[in-house]
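In the two assemblies presented below, subunit A is common to both, partnered first by subunit B and then by subunit C.
Right, the complex of A and B next:
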């Protein structure tokens, strides 16, 4: 009996905590009269997709979303390619130099983009890359790469060295043993880390808003900012925009929830 | 000849030289795109950088003028105070909230892991979305929080959360605490799960109650996790830029302006890149010190 009471309390806590997410969806479905009703209605009385139609027709959210996908997809690929070698050697080779690299990686993991964006802007301006998606991809990768290296290193460390040694005894080179044995065994890690890197890049705001002024290139974070940054906001449409933008994140999270939890704790504390 | 070449190729793939080579690409990338900007930032902070000379590297050297101007600015005291309140408030509230949730969900009841996992959803959301949703929740006229507070009889009139200088910092702190609590909860839950259970059984046999066990056993044993977590939360709070920029823009009248927001405002709205770089450099020094504490506590934890 006491256990089920705890379950009920747990459900109430989770429900209370997640209320803002529910409120986003509920507000997106309301007509504007109901949106401003007092008292507010907990469940939309006359749910409508008018706000969604508006953001697709007038706000061109499809373009913003496409840009977001291109940017975060490219960041994910670049990050995983660059992280693989570094993470693997950090997991297998112990030396003073590797320690130096590891500490450097951990330090760069914590540098906040708002503090790096000033030099980034000036450097990319000198390289003539302002208003290109390449600039945003390169800049965002500085945020995701250290994270991916730290996480992948933990994944590789869990693959027994004995398996690689056995392959090497059979005549494989070090590189081949890595490609044939270790990489396939780490595939789950790649899926989870790739998903997290994608989500990080998908939510990135500071770099695109500073490096891209052409509307046609901007991702959905910048599009959403255009909505709610102003003093007055059309909340029904803003919440519809936020819902469309964030639903893929929530789906990915639900699919990988358990693995994300274990991956996060391992990455931050080891 | 062909066989000889093949042998060399295979030997190359097998050689020890593979280690620095593999680590090299990632390390070089970070050196160029993180290390270089950090140093470049330092250089810009002692130069006069305007839109006119932004494309050259050789700009007028002004020594510490940028820093002097910032410290003499009456805004400095305001921003300093705001940052201090925002960071301490966030670190304390996120930690306490996370600890309370971690302890609650540690109890064995059906669905504990499921509900705990659901709460993590808040941490995975993009800060821009959190800023947008919270701005709507805190809206003064039709916001649901004002409605709830009035309904419960806590306040009589609407609170102008984000447009009143007296409450704007509190408003953005709410949103950022909501965002950070799950991360604290998950790391503390992992720390709690790793504690040796036999010591608790022994302590319980000796007659120590739950409160006593918490202060005498749990807190001391969790110490390395707590240090790492407090350091990480401090650093992550610097990232709250997105959230504040969306919700208040640092205003009204700089009442929610913190250092990262000020730096961005100087560089990208006043085009005083030297000033923006100087603010960034000051914050980067703070972040580096906290990061070193974090790296040290994580590494000692791994050794012990």
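Right, the complex of A and C next:
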């Protein structure tokens, strides 16, 4: 009985959170008359892909999405590469200074992008990087890197040092022991952290909107913003744009969930 | 195969001194066991030989190479860890062949080496499993196989059997001994278990608080312990130690009772400790008066715990013996089996 009640409460809360998402997909499929109907309809009476056709043909959403994927993908790779060295030494070296560094890394996450974007703008202008995707990649990486370092450090700390020692006695250098033993065992951590970094970068708005003024370079977050501002009455198209933008996120997140579960069972091997 | 030489080796962690004045010679093909209480630095010493810990002072040589600054990969030693440290993402065969693959040995030779190690260790059925799917004893054998296939010049074992149950431990002990006899590889074996230390070793090194307390054959350590520490550490049940003062060539206990004391370098009036093994005490009419505290039959022997002039002594006898606690008993000591120690320094007073 209690379980039943808890399940019901859980379902209500989930519904509460998921309803806007449903509303977005439903609205994207409605014809514009139905959008403004009173009372609103829960299920589209005559579903149509007109809004989707419109955003692909007139708003060039494909370009925005491609920019988003390039930016987030680059940020993810750059973040993981840079975080690896830092996280590994933080996990393996025991010293007061390492704790100081770790606290510094965590503190650097406190500063919000709107605060940092002005100095970044100045720096990138002096470097001549304004209106390049490189500027956005670097700026976004400053935001994702501390997070990735802290998370990867935990992953490395879970790989027993004995395994690396055994590999070194077996005949590998430190680097080889890291590549052949530690890295494969941290695989699940890389997938989960990489996916989270990707999502963070994908949703980033402040840096691209400030550093990119050329429409051809902007990611979907900025595109969506400009689009919504341009024509407030065109809800169906806005919803279609949002649907296209958010669907990859939902897919990545579902894959991530599966990986977390399989990560738990892989840990049982130790 | 190779010998190992250590000269004045020390280890510091910052201001903390863990090992000092370690002088050790391990002959080619010798089997050495390293025993000592927890935290005395056994693992640290082993890891220094393997190259996993830096050396704060002194020299370590393996064969004719001074290895102080040589990374582990070039030392050609194999180590079996207490945690086994098997690679969880590789199969048993992958674990065993890892060292050979790193050395780019050709595939056919690797297959032969893995197959023969698997045959010796009875792992044939398990080669495609992962470590997570093995029992403790099987994992232990895989760890042994991984060390064996490389045919290294030196084997290091850090308490390899301590996670196994008693029966398996006895079995693996015999297997490791047989392996050593067959391969003749120089081995250094760390253990907590003094039965293991006694039964496996050509020579035992007893360590205490970062120093080598005594080294010698198992018999030497048992029959002629150099200090109170070794006397108490080697042997189970441990040696009876009875403190008192020396007067007129006899040991005078706190309550005035006296015991014979062996000829020694002790001075009249010096605080000394008498040592005697349980098997050298027996009940005998006309002996020294004591009270039975408890009787513990072990199957082979019977242990008689007695209260004797304020100290507890244990006698171990072959014959069956029964007595209720509190029963008076008379004890006789084998006088030629007595050990004499200086209470203040803990060193033997043997002449």
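We adopt the following convention: the second predicted complex is superposed on the first by the 250 of 270 C-alpha atoms of A that agree within 3 Å, B and C clash if a C-alpha of one lies under 4 Å from a C-alpha of the other, contacts with A are read in each partner's own complex, and residues count from 1 in each chain.
Keep in mind that, in the parts below, contacts are C-beta pairs under 8 Å (C-beta built on N, C-alpha and C of every residue); 3 or more make two chains touch, one makes a residue touch a chain.
The model shown is predicted, which means the values in this text are computed figures rather than measured ones.
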Next item on the list: Look at the residues of subunit A and decide whether subunit B or subunit C touches more of them.
Entry: B
Checklist line | Touching partner for A:170 - first (subunit B), second (subunit C), both, neither | finding: second
Check: Regarding the shared-chain residue A:221, is it in contact with subunit B (first), subunit C (second), both, or neither?
Finding: first
Notebook entry, point to check: Should A:85 be classified as contacting the first partner (subunit B), the second (subunit C), both, or neither?
Noted result: first
Next item on the list: Report for A:162: first if it touches subunit B alone, second if subunit C alone, otherwise both or neither.
Entry: second
Notebook entry, point to check: Is A:130 touching the first partner subunit B, the second partner subunit C, both, or neither of them?
Noted result: neither
Next item on the list: Using the touch definition from the top, say if A:185 reaches subunit B (first), subunit C (second), both or neither.
Entry: second
Notebook entry, point to check: Of the residues on subunit A, which ones does subunit B touch that subunit C also touches?
Noted result: 168, 173, 176, 268-270
Check: Inside the complex, what are the residues of subunit B that reach subunit A?
Finding: 10-11, 13-15, 18-27, 29-31, 33-38, 40-41, 44, 49, 54-55, 57, 101, 104-105, 107-112, 115-122, 124-137, 139, 141-142, 144, 147, 151, 178, 181, 183, 186-187, 190-191, 225, 228, 232, 235, 238-239, 241-242, 245-246, 249, 260-261, 263-264, 267-268, 273, 276-277, 280, 283-284, 287-288, 290-292, 294-295, 298, 301-302
Note to self: Applying the document's contact rule, which stretches of subunit A touch subunit B when the two form their complex?
What the structure shows: 3-4, 6-7, 9-11, 13-14, 17-18, 20-21, 23-24, 27, 35-36, 38-40, 82-90, 92-93, 97-98, 101, 103-108, 110-123, 125-126, 138-139, 141-142, 145-146, 149, 168, 173-176, 199, 202-203, 205-206, 210, 221, 224-225, 227-229, 233, 235, 238-239, 242, 245-246, 249-250, 253, 257-258, 260-261, 264-265, 268-270
Checklist line | subunit C to subunit A touching residues, read off their complex | finding: 47, 50-52, 71-73, 75, 77-79, 81, 83, 85-89, 98-99, 102-103, 130-132, 146, 150
Notebook entry, point to check: Contact residues on subunit A for subunit C in the complex?
Noted result: 160, 162-163, 165-173, 176, 181, 184-185, 268-270
